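Note that chain A is present in both complexes that follow, paired respectively with chain B and with chain C.
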Partner chain A sequence: MRLSVAAAISHGRVYRRLGLSPRSRLDLLRNLVTALVRHERIETPWARADEMRGYAERLIDYAKRGDKDERAMRMADFWLTEKDLIHKLFKVLAPRFQPHPGGYTRLLQIPNRDGLDRAKMAVIELKGNPLPPLVRPRRDSDKTLLNQLLKGYRQDAQRAAAA
Partner chain B sequence: RVSSDGKPPKFQPPPKPVIIDRKTQKEERRFLSPEFIPPRGRTDPLKYYIERKDMIQRRKVFNIPEFYVGHVLAVTTADPYASDKSKRFVGICIQRGGKGLGATFVLRNVIEDQGVEICYELYSPRIQAIEVLKLEKRLDENLMYLRDALPEYSTFDVNMKPVPRMEHEEIPVNKLQVRMKPKPWSKRWERPKYNIKGIKFELPEHKMKAAQKWSQPWLEFDMLREYDTSKIEEKIRKELSEELEK
Partner chain C sequence: VLILVRSPLPRLRALLQRCWGQLERGLWPVVLGGQSPSWGPALAVQGPALVPQGINDAGESSTEAPSLLESILWMAAPKQRRTIEVNRSRRRHPSKLIEVKRNIDVCPECGNLKQKHVLCGYCYAKVKEETRLIRMEIHKKEGGPFNAPTVETVVLYEGEKPPEKDAGKRIIERTRKRPSWFVQN
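Let's turn to the complex of A and B:
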């Protein structure tokens, strides 16, 4: 009886088991969501960031309903432990993400943690944050095939124009 | 009027007629049978689309009326061993389960002091007729606790006449609180996970308080568990109305 393989199969379960209990898992994620709303970019283990992403995006969807909505206010009250962030959520983040239908966060992996556990770390940030960008989009180098062909086309066009 | 000073009284226009648009009111209360709504999961939506086509095909041939949990229904099924080749069963619908073509509903009745529950499949070709005898919704979506309630709450006359009902009226909600047999029950209905509002609990206070120990108040705030079906329902309603008009 190979128990180890059977123990690893979860058959369609989507929620990871974090912390000590389901209540503890929600509290952990709640702290992370509060930190994300406060600092707009945090560095945590990848599993926690991945779990937290769904909750953060749904919280912003609730905030988009407006602060007059009773349910939205109750959700914000539960999920943000620091109550000054409720104002930030409804007045700053909701208008910022109003034109976007979804995908308000960006999750990028970082080198493993330095401590003994060597945990897989990630940085999760809200898009449109005022901090300097993490990834600079690099232009393709001049040596790629497409760029060489375009360069040749441009040279031909110049020669034809000069002649 | 006498109080005007010599001039004829000011023309009062007649009050504008209030137009109650019956058509828009009808459309607001459209019922979508719960088995059409696909469950959350990783299955291919093609499967549900094909099932829906078959369900619509069956509905064109056989009329499945709108009913909820708590209605009293009479179902006639085909039976090769009965003298009339058909069997009729009257009961209260306690549960509607399953999605797609395998949708079922359980009818319960107490016949000669024996509780009988029969689970019928809505789209089974053996079913010859479904009549709704009494329309009333209850406080819960699942009336499985009637098994542990006093038998008088599950007895319905087999030869009951259908209660007449006006079209396009709100379905009445029966706020009946059912009295239970003494414990033990098949499930611990007093626990908050079942969230039953239709039982008159005659348990002592300390037992009710002890049952609250199993409540999970954080579940209400767990946003990822919510399944918003409004957009899916709109699409399915449009699809259904288009197909059934053909």
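Let's turn to the complex of A and C:
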């Protein structure tokens, strides 16, 4: 017996519904991609950042083809509303990410917004940006048992190599 | 002992056979051993006077008064006051209580509390402020809108020289000592 209307089921749908309409959703994401390319780190609601991440990474993949490629130039022309950023995309970001196969962005959650809506916020940034780092990689303390044993092993190996 | 009587006259025999047949079928009133046959009273009555119509009349006359009570809409209402024990059980059911958060930790950098999967609020505010000051310097250097450079950028603090590998980059200078958490690489 059918317990729910077929129109209310969304199994397997991958795209979120943002903004006022599908066209408005694309415009919203386009503004966010432009801001990310300009400022290299932006703070926005988590859902929008997550949605935008895929589009930004695909744009960089297109930019890696080079600016002589017709499709790459048309994509960059659509997705970047401020046309000086097209130069930045092809001359700065494409060479920066040439050695990397994917994963050009980093998405981190931050505490909920201070306003009335307490929205789940995230900061999305391009890797290799010149700004101060958000998370410092921590190494385990040297005083742990495993690290002391490894240090002893390294010293023994050096002594055996020197002798 | 059955004694068959055969009448010598054929018409009398036929009449006797007819009477016996009627007796057998019960069309003839039979008196057996002194019982009188039951006779019902034969009443001669007028048709319409005794037909029972009192039931219908009584029904039609009584529905005129309470029709108002039956035509309005009755809604559900609680019959009994819910006791405080029942109320407490409903209000304190585990599904209605706020879940206890067990994913709160201490930030190793500053010692403030943070959720495990979320950045530390204090450390992020620190980085955000420094980013804002760097962006102000960038804006001063660019001069106007839509002047994004076509080279990489590097941020240098007081008394620092640009390293060799960052040769052709645009330099943004900040007038303060380098913070300990912004490692130069």
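In the analysis below, the second predicted complex is superposed on the first by the 134 of 163 C-alpha atoms of A that agree within 3 Å, B and C clash if a C-alpha of one lies under 4 Å from a C-alpha of the other, contacts with A are read in each partner's own complex, and residues count from 1 in each chain.
The rule is short, and it goes like this: a residue touches a chain if its C-beta (ideal position, glycine included) is under 8 Å from a C-beta of that chain, and two chains touch if they have at least 3 such contacts.
Nothing here was measured: the structure is a model prediction, and the numbers come from that model.
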| item | value |
| --- | --- |
| Partner chain in contact with A:Val135 - chain B first, chain C second, else both or neither | second |
| First, second, both or neither for A:Tyr62, with chain B first and chain C second | first |
| Contacts of A:His11 with chain B and chain C, given as first, second, both or neither | neither |
| Partner chain(s) touched by A:Val92 [first = chain B, second = chain C, both, neither] | second |
| Partner chain in contact with A:Gln109 - chain B first, chain C second, else both or neither | second |
| A:Arg159 touches, of chain B and chain C: first, second, both or neither? | neither |
| Superposed model, chain A: greater residue contact from chain B or chain C | C |
| Residues on chain A lying within both footprints (that of chain B and that of chain C) | none |
| Residues of chain C touching chain A in the complex | 108-109, 115, 117-119, 121, 124, 127-128, 130-131, 134-135, 146-155, 172, 179, 181-183 |
| For the chain B and chain A complex, residues of the former touching the latter | 41-42, 216, 218, 221-224, 226 |
| Contact footprint of chain B on chain A as seen in their complex | 12, 14-15, 22-23, 26, 54-55, 58-59, 62, 74-75, 78-79 |
| Interface residues, chain A side, partner chain C - complex | 38-39, 41, 43, 82-85, 87-88, 91-92, 96, 108-111, 123, 130-136, 138 |
